[in-house]
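There's a structure below that I have some questions on.
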Amino acid sequence: MGSLEHANVFMRILFLSLCAIIVGSVLLAQRGREMFIRRIPGLTAIEEAVGRATEMGRPIFFSPGLDGINIVTLQALAILSYIVRLAANQATRIIVGLRSPMVYPVAEESVREAYDAVGHPENFRSDDIRFISDEQFAYALGAVGIISREEVATNFLFGAFYAEALILTENGRALGALQVAGCPEPTQIPFFIATCDYVVIGDEYYAASAYLTREPTLTGSLVGQDICKAIVIAIIALGVGLATVFAPEKNFLLTWLGGGG
Amino acid sequence: MNPDLYILWAAAIATLGVYTILYRENPISRLFEHIFVGLSAGYLIVATWTLNLEGKWWNPMIHDKKWYWIFAPIVGSLFYFIYSRRLGWLARLIMGLFFGTAAGTFFRQFFPIYSPQIYACFKPLDYQAGMGIQGVIFDLLLHNWIFVIILLTVMSYFFFSIPHEGRFGRNLGRSAMLGRWFLMIAFGAMFGNTVMARISLFIGRMQFLLKDWLGSLIPWFATRGL
Amino acid sequence: MSAPRPTTVSDRIQQIPRHYVYLLLAGVVVWQLLFPIRLPITPSVPTRGVYDAVAAVPDDKLIIITTDWDASTQAETGPQTQAVIHACFQNHKKFVIMNLQPPMGVKLAQDLAEEAAQEYGAVYGVDYANWGYKYGYENVLMAMAKNIPNAIGDDFYGKPVGELPLMQGVEDIQAIGLVVIVTGLSAMTEMWVGLIQGPYRTPLAGAYTAVMAPIYYPYLDSDQLKGMLVGAKGAAELEAMVDRPGKAVAIMNVQSWAHVLIIALILLGNLGYLFARGRGEGSQP
Amino acid sequence: MWFSRLLQRLFPPAPTPAALYLYLALAVVGSIVIIVALHRLLGPRGRRWLIAFVTFIAGLFFGLEYFYPVHGDPAKNFLTDWIEPVSVMLTVVGAFTVGLGIYSLLQVHGRNLVQRRPGWHNSLAFFLATFAMLVFGMWEYYLHLPQPPPAVVPWPKGIYEILFNGLFAPLQAATFSLLAFYIASAAYRAFRVRTGEAALMMAAAFIVMIGQVPIGAWLTSFIPADSPAAFFRLEMLGEWVLRWLNTPAQRGIIFGIAVGALAMSLRIWLSLERGTFFSEKG
């Protein structure tokens, strides 16, 4: 083995089981099973942050990260959709700054949809969904410009961020914006912790939509995710056990996962 | 023409212009922000054509007479229906295609990305022949134990559906707290690890401003070592 | 958001306005670029390993310096190569330069070697040589292990290497006392370890960009690498050891000062905090 | 590659330039007919179903190629040959969204300019920069200069160089280097021993930071390099923190993300994210 170009039998079984568990617990939740979710402070803060902008009568800035259309960005847009619903009810403006031209139509459409869904289509302003630049640092400068010129009260950064993250948050902080940031990849989290008021770390990012909306589909999925994580832990525990007992070339789990050889 | 002198001055002024933002967002930084965004927009169009469309789309369609490539802009144009209320669903259709691709791409990447990370955690917790233990004070076995413990406690922090009270939950709560501590250590280490790289960027800019630019005006600056 | 205006000393050192922090950093960097005050440089353990490995090579054996780098990593790998060359000349070790990947590296390294050779009055072909760019990766190494003159063929100037005085008596890998891998590319070290260090126990040392260095610490632990230069820092330390402070020392000196400033600021902030807390004022907003 | 053979059989290249333009026109007309027909024939439910179906098929295609059993050398299955051309097609289709992004920019800045809003001169600068880069970028590209370029640079290339090397690249580098300041001030402000967690973060940052500069090695150089205590030399300790404390914690985060992203992918693929995006209405 030793190749990861295509799946082997073990990977097929593992992948299918993980998928089945997630989909299964979604179905269970949809049938009405109650699911518990623990408190996630960074996400609880979203409501407070939107409220602050409303009180101050100033807009909110939202960045869905720098990636194109991928899973990270789609999750960011799902969070955006929730925030728009909160803000639309309170007639608070949201400015979305985009880096990928591909994400632009998707953001425009889902924000419009969110305004429709809460019955305020008249509050939607196409101008507020802005493509800034596809160049990383031109995007950063452009976003800082918007944050300062529009006197943004609240700054939401959810999505894939890279080195430019600190340029956004340090300026946002200096301008007095309340900042909530979330990024699945760990690399920029330290800088968010240093400069933002609330930070959503790692997997909490993917738990966001479930936590915020409490929709059965999403909470069910979250419970399924926990079971899957337990399976990953079990695999690691088994792998460590095997590594302790056998030499690497006899560790079949290693081979099954495409390692060794 | 020889553009070198213009490049030198334009670069110096642009650099200083950007640095004014350190005081606060101001008319000068705003001007350079707009120039930067404008240049990148122009460059985006040029690059999309020269690096992508010309070779992958225009030449095959016109020169190789593969006329079916005309479907690409037609399908792409569906995105533009977002501006129409009645026809908006066509834009969603093409977005659906890209959503599916995003999901499928993640399915493909799942094992290639995460498998090596998982099996790299298979560390023996007992002596293995050929391990080649180097003793300073902390030897490899202790390292492996630390590694596995940190990994598991950090993962326990990311369980959302188990309350941190009750018989099993209380233990999970403790483990999650430990996990949070390790997370903070890791974040601190990542922060510290980035400082030097960021300062090099500024040193590089200052070398340009002092040696290349000021040095061209006042030779003394060019003689200062760097 | 905005904290009340600081009045006491402890509050003031806790709330230095960000503009002052920026000015201090810019000031320190410009000052140290123009009027450097050298902070002490003490070689770290991995750097010392490289120097000791060079010094430990028996006089009848050759050192190979592989220069698998080009302009993209020159800022780090250039000074590293130069410092290693100085270490060889100062310890009166004979060395050869060769390279397997970007052909440009061998020319850049040759310039560095010639410059240093003039200083020590060393002669090409007698004290050092350049085997040139060799195409073939693993195949070159496997062939070299058995028969060096055949595997290498011609040198940098197109002369058969067998005719060079320093190559007299050099037959196979046993004539090599150390290989120093200077590279900005991954996988080169793995190749040398697998084909040369593993089978023939030829000592290796590495010099890497700061970004890739972390991958190779385990090789250091397992003694597969005798030493390692980590980015510009490693280069600066070796420059200091051979007493030839150059580009790397200058840059790392500025870095040291900037780090000292940041650390001083952090300490100051904490001092203010602890002081205020000790007096029970607290500065929580 | 049998994919291109099939494509050539189904869609043979046009034999003559005249035929090419005829084919192109027919394809455009045909596509419009299909789109109009879809629009007319499908009700809200049908549209929703079609969107979900397209999403599902796209996800299935990329996923199945990875998981379906493979044969031969190089290992392939019936989908493998399609991956590359389909990816190219999606890239090309996606490239047409650049127009939307540019349109968004022109809209915002055009309005500033026309209505003479405050700061309209900045929008003018934006237009000039865009236009200059577009014109000279294209011009330079179609000059087809040999490599290396001739000693006397033609003036369009000269202007392009000023735009690119004199403005674009320095603006990039200067903005990037702002991070040196921001990281310094963030470190000063954030690293306080307010809580245990903050103290841990600060200690780790401290050790790693100072272990990376020569002054750090100097501080603990009194510890002999070959003694067992050499572990506590700052450069070794910093590296140890990165390797043995940072790596497992990062892995712990990453495994959580893997599962979270998998669940999100599944929900997107099966159109289970109802209401989040736009599956509520047709």
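When the chains are written out, they are named A, B, C and D in that same order, and each has its own residue count from 1.
In this text, contacts are C-beta pairs under 8 Å (C-beta built on N, C-alpha and C of every residue); 3 or more make two chains touch, one makes a residue touch a chain.
Predicted, not measured: the structure shown is a model, and the values here were computed from it.
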| item | value |
| --- | --- |
| Far-end chain from chain D, centres as C-alpha averages | C |
| Chain whose Cα mean lies nearest the overall Cα mean | B |
| Leader among chain pairs (count of C-beta contacts) | B-D |
| Euclidean distance of C-alpha centroids - chain B vs chain C, Å | 27 |
| Chain B-chain D separation of Cα centroids, rounded to whole Å | 9 |
| Interchain centroid distance [CA atoms averaged], chain A/chain B, Å | 15 |
| Inter-centroid spacing, chain C versus chain A (mean Cα positions, whole Å) | 40 |
| Shared-contact residues (touching 2 or more other chains) in chain B | 18, 21-22, 30, 32-33, 36-37, 39-41, 43-44, 79-80, 82, 92, 98-99, 101-103, 105-107, 110-111, 118, 120-121, 148, 151-152, 155, 158, 183, 186-188, 190-191, 194-196, 199, 202 |
| Junction residues of chain A, two or more chains touched | 5, 7, 11, 15, 71, 74, 101-102, 105-106, 109, 126, 134-135, 137-138, 141, 149, 174, 186, 190-191, 193-194, 201-203, 207, 222, 225, 229, 232 |
| Interface hub residues of chain C, defined as touching at least two other chains | 18, 22, 25-26, 210, 255, 258-259, 262 |
| Residues of chain D defined as touching chain C within the complex | 180-181, 184-185, 187-189, 191-194, 202, 206, 209-210, 212-218, 221, 225, 230, 233, 235-236, 239, 242-243 |
| Interface residues, chain A side, partner chain D - complex | 3, 5-7, 11-12, 15, 18-19, 22-23, 26, 68, 71-72, 74-75, 77-78, 81-82, 98, 100-102, 104-106, 109-110, 113, 116-117, 126-127, 129-131, 134-135, 137-138, 140-141, 149, 163, 166-167, 170, 184-186, 190-191, 193-195, 201-203, 205-207, 209, 213, 215, 217-218, 221-222, 224-225, 228-229, 232 |
| Chain A partner contacts - residues on chain B that touch it in the complex | 18, 21, 24-25, 29-30, 32-33, 36-37, 39-41, 43-44, 79-80, 82-83, 88, 91-92, 95, 98-99, 101-103, 105-107, 110-112, 115-116, 118-126, 128-130, 148, 151-152, 155, 158-164, 183, 186-188, 190-191, 194 |
| Chain B partner contacts - residues on chain A that touch it in the complex | 4-5, 7, 11, 15, 35-38, 40, 69-71, 73-74, 101-102, 105-106, 108-109, 112, 126, 132-135, 137-138, 141-142, 144-145, 148-149, 171, 174-175, 186-187, 189-191, 193-194, 201-204, 207, 211, 222-223, 225-226, 229, 232-233, 235-236, 239-240, 242-244, 247, 251, 253-254, 257-260 |
| Partner chain C, residues of chain B touching it in the complex | 22-23, 132, 134, 140, 195-197, 199-200, 202-203, 206-207, 210, 221, 224-226 |
